[in-house]
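Look for chain A in each of the two complexes below; its partner is chain B in the first and chain C in the second.
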Partner chain A sequence: MKVIKIDKKTWAGGINSLRSGYRLIGPVVKGDAHDFAELASDEAPDMAFGNTRLSPKSVIFPQSEPMFTYSLDESDPEHHILKDSTKDYSPRAVIGMRPCDAKAISLVRMNFDTPDYRDPYWMDAYDATTFVGLACDNPCTTCFCTSAGCGPYHEEGLDVLLSDCGDAYEAKALTEKGEKLLAAAGWDAEGDVSIFEPKKADAEAKITCTVETGNLRGKNSLDLYDAPFWKELSFACINCGTCTYTCPTCWCFDIQDENKGKEGVRMRNWDSCMTSLFTMHGSGHNPRTEKHQRFRQRFMHKLKYFVDKYDKGLMCVGCGRCVQQCPANIDIRTICNKMNGYEAAS
Partner chain B sequence: MQNPYKAYPVRIDDIQVATADKTLRTFKFVFLNEGDEEKFSYNVGQFAELSIPGQGEIPIGIASSPSEKGFVMFTVFRTGKVTQHLHNMKVGDVMGLRGPLGNCYPIEDLEGKNILIIGAGFAFTTLRSTIKYLLEPENRKRFGRLDVIYGARHPGMILYKDELVEWEQRDDINLNLTVDGTDGQEWKYHTGFVPTVTESQAPQGDDDTYAILCGPPMMLKFTKPVLEKLGYEPNHIIMSLENRMKCGIGMCGRCNIGKELVCKDGPVFTLDKLNEMPEEDQ
Partner chain C sequence: MESYIGKIKEISERLLNDGTVECVVGFRKGTVALTNEPCMITKASDVKDLVWDSNCRLNLANYLTGRKEKIAVIAKGCDSRNIVNHIIENKISREQLVIIGVPCKGMVDKNNPESLQSNCATCTHRNPVIYDELCGELVEEQTDVDKYEDVRAVEAMETQEKWAFFEELLSGCTRCYACKNACPLCYCPTCFVDESQPQWIGKGTDPIDVRTYHFLRAYHCAGRCTDCGACEAACPQNIKVRQFTKKLEKDCNELYGWEAGLTVDQRPPLDSFKLDDPDKFIM
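Then we have the complex of A and B:
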């Protein structure tokens, strides 16, 4: 594993060198918060942020993306036959993503890359992307990554991990993809691997809030499902779906046909288990008409079903976005602890 | 690996009104491209997404049997946007077919066993596929006794009447038809709900007898205890479920019951598996 020192004086030049081989996506200020966006040709990533409002999951899984086009014009010999939408899967790089968001992408991959099916849109975008992480030396108060199987210097899912050392970044190349990117930027000064361990320990020590998760796997799923606390916990929830959109590990989607005149596009859009329509049958029957049922589904999926299905821990990386942005102050940490500590009456 | 979201182009080859109230139609599709029929190789109990560009997709159980070649058949209830549109389409129209999807009835595991098939309403489609398959000369001898109980609201709502009449005359299938009421129409079979007819007509459960159930929630709810009373163990009761779906391949996240996805881990589950899963709706 190679460690490269990137003098910040060479940062902008290196980023510029990358533009010829990569589409660059990085944090930029949008309104009152940072978000990830494709960088304009003269734009540098703004690395001075706590965490972005949304995770960069949309780089791999756009909020809305075309799957197919079709013609409804019966004089067209190919009418009503799906054609692949034009896609750009040329190399792209996300610069400055937080380790939690990278781990989230590796968790979501388990959904889209299975022994039976490979989702071509998600996987082609994933394969085209180099993930350059920025370690968190100043975590937010809502971060609980260290007890959610992640951490401020977590490397899973990243190709490069950067640590900000004042006038330079120390860059750890974690994969071949990462080494290639560092070389393409022209960064080749030998770095100092020894800074990582102490900085990691410092950063981890700053994360004081935790969740209890040790009992979740052993719990009986039906007991948790039938636990008496769901109505009470969901009382304040307004089913707005903010948690699902901001969550880096939420992947549910909808497929919709959008027509304009005789042409149309089959789109895939983010969807949310918080809405009643999500599960409503054509007949009108709906297994989740009540908000506590939808609320329960979200937390059971993240903290129990996923845990049982894959045995890879939670479907949560502790980024704290849902905690920060929920308008009703619902806190996944409280719910996780409640589930972890629940004992069904015998 | 091919794109699992891309539907095979098909042409509607035949449309038949399936019930007296005209809310169900049976469609036969043929593949436009050579080789697609082979790629669409399916088993009984599987479903497919009927994909109408410009309208959307609907998951529907396959009603034809894998032993029937040259077409794929579906019987569709007119209920929402896509089914409404489909009911207005005509022979020769082009659309898409995506699949086959989901698991299947574990027919091969039932070799040498007695099979009781219980269906109600328009869920009879995949059961029609199953019965048709079991009755093929090369298949029938591989299985034991075959009992079928099929109920509909009234005689006009019975699907596949011509075939049922044909099957009724055979001595290698015990067919029990029932309706909730006759509306004054001539009817020489049972009258009464499926659970009641099951109680009086179904064979006793034992190690060598399996029940396959597909129908509306109420029918399932009241038939399960009858089967248990008749001695069917939960791992001998095989059920097919449905839920709202989009992708059909276990990715879009909406059809789960607990950690199981109805589209990919199902739609077929044994009752002992279902007993480990939460009862949504509560």
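Then we have the complex of A and C:
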């Protein structure tokens, strides 16, 4: 595993060199927070952020994405035939994503890349992307990654991990893709691998909030489903999509045909299990009409069904965005601890 | 305002103990800074969990919609006005409620804790307009405030400038609907954004759909909005969605001399007809 030292004096030049081979996406200031966006030709990623408001999941899984176009004009011999939308899967690189967001992308991959099915849109975008992480030396107060199977120097899902060392970044190339990117940027000074372990330990020590998860897998799903606490825990919830849209691991989508005149586009859009429409059947029946049912579904999916199905831990990386942004202060840490500690009456 | 909590607890405990109400809707301490969580207390022994401070932003009238039990609800000025709306619109009956009024000096801005929320800074109804119990002395109402400075600035813009302003304003919207779901006015069983037969609006992030959502929602709030600020407090993207509702609030005030939620004895102007209603805005 190669470690390269990137003197910050060469940072901007290296980023510029990357532009000929990659579409660059990085953290930029949007309004009063940072978010990921495609960088303009003269724009550098702004690496001085705690965490971005939205995760970079949209780089691979856009909130609204055209899948097909079609014509409804019956005089067109190809009417009603779905044609692939034009896509750009040229190489792209996300610069400065947090390790939790990278781990989240590897969790989401389990849904879009299975032995039976490969989602072409998600996977083609994923394959085209090089993920350059920025280790978290100053985690936010709501971060609980270390007890959610992740951490401030976690490497899973990344091609390069950067650690900010003042005047320079130490860059650990984790994959061939990562090595290729570092070479393309012209960064080749030998780095110092020894800085990573102590910095990782320091960063992990700063994360003081944790969730208890050890019992979740052993619990009976129906016991948890029938637990008496859902109504009380969900009282404040307003059933908006803040948690699902801001969550780096929420992957649900809806498919919609949007017609204008005789032309149409089949879109897929993020969807949220917090909404009633999410489960509305064509018949008009809705199995989740009540707020607490939708609330329960979200937490059971992340903290129980996923845990049982994949045996890869939680469907949560502890980024804390939902905790910070929930308008009603629904806190996944509280819910997780409650589920983990629940004993059904015998 | 923290001093109210003793009285809130005392009243809540009494109402639960003597069976006047089945539950108390209030706030409990949040798990993150500058946030409290709406809660429902059903046991007198849990009254200790109630809190009241400058972080009780959400409008508790939103938690009363369609409930059937006898409820005590803690209400600052704006909450009480939305309770009035709810009573007028048959979302809850007056007889079901014991309103624990809290004179209010404003909630702090969650993004800028040194300042009040902008709606609170210009609020002219800090005292509850309807209540059964009161937790402290009524506070002096502000009279020398300019509520609509920002609205007038938008009104003065040229058409293109307005479009650019709204486009920028809404550029961060993810359609999470926190604004409408935090709003006590948005209780339609199926919101127009969720209708599928016919479908009025696309589900994605197309700016036309985003604007349609915000504009239509705002119009649906005309003459009903109390400018409680729950929508903006809820928005995870910090979008100033009150730019829309305030314009309509101002129009209702100028056209009909109307302020929403002040009395249960009068129907709102867009819900009633008078021969001398202004009609200059009808094309």
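The rule is simple: the second predicted complex is superposed on the first by the 346 of 346 C-alpha atoms of A that agree within 3 Å, B and C clash if a C-alpha of one lies under 4 Å from a C-alpha of the other, contacts with A are read in each partner's own complex, and residues count from 1 in each chain.
By our rule, contacts are C-beta pairs under 8 Å (C-beta built on N, C-alpha and C of every residue); 3 or more make two chains touch, one makes a residue touch a chain.
Since the structure is predicted, the reported quantities are computational estimates derived from the model, not experimental observations.
Participant: Putting chain B and chain C on the same copy of chain A, do they fit or clash?
Facilitator: Chain B and chain C fit side by side in the superposed model.
Participant: If you stack the two complexes on chain A, which partner ends up touching A:Thr246: first (chain B), second (chain C), both, or neither?
Facilitator: So A:Thr246 only meets chain C here.
Participant: Counting only touches as set out at the top, which of chain B and chain C does A:Asp202 meet: first, second, both, neither?
Facilitator: After superposition on chain A, A:Asp202 lies in contact with neither partner.
Participant: A:Asn269 contacts which: chain B (first), chain C (second), both, neither?
Facilitator: In the superposed model, A:Asn269 contacts chain C only, not chain B.
Participant: Looking at A:Gln63, would you say it contacts chain B, chain C, both, or neither? Reply first, second, both or neither.
Facilitator: It touches chain C, and chain B stays clear.
Participant: Classify the contacts of A:Asn329 with the two partner chains as first (chain B alone), second (chain C alone), both, or neither.
Facilitator: Second partner only.
Participant: Under the stated touch criterion, which partner chain does A:Asp7 make contact with: chain B (first), chain C (second), both, or neither?
Facilitator: neither
Participant: After lining up the shared chain so the two structures overlap, which partner does A:Asp254 touch, if you call chain B first and chain C second: first, second, both or neither?
Facilitator: both
Participant: Of the two partner chains, chain B (first) and chain C (second), which one does A:Pro287 touch, if any: first, second, both, or neither?
Facilitator: first
Participant: Once the two complexes are overlaid, how big is the angle at chain A between chain B and chain C (Cα centres, nearest 10°)?
Facilitator: 90
Participant: Note down the smallest distance between any C-alpha of chain B and any C-alpha of chain C in the overlay, whole angstrom.
Facilitator: Distance of closest C-alpha approach: 6 Å.
Participant: Counting contacts the way the document defines them, which residues of chain A are shared by the two interfaces, the one with chain B and the one with chain C?
Facilitator: 254, 256, 280
Participant: For chain B, which residues are in contact with chain A within the complex?
Facilitator: Counting only chain B, the residues touching chain A are 1, 3-7, 9, 32, 51-58, 79-80, 83, 93-96, 217, 242-244, 246-247, 249-259, 264, 276-278, 280-282.
Participant: What residues on chain C touch chain A, complex-wise?
Facilitator: 30-33, 35-40, 58, 62-63, 111, 172, 174-178, 181-182, 194, 196, 202-206, 233-238
Participant: Name, in rising order, each residue of chain A that touches chain B in their complex.
Facilitator: So the residues of chain A in touch with chain B come to 67-68, 70, 72, 79-82, 84, 111-112, 114, 116-120, 221-222, 225-226, 251-257, 259, 264, 266, 271, 273, 278-283, 285, 287-288, 293, 297, 300-301, 304-306, 308-309.
Participant: Mind listing the chain A positions that touch chain C in their complex?
Facilitator: Checking each residue of chain A against chain C gives 30-33, 35, 53-54, 63-64, 141-142, 232, 235-236, 238-242, 244-246, 254, 256, 258, 267, 269, 272, 275-277, 280, 323-325, 327-331, 333-334.
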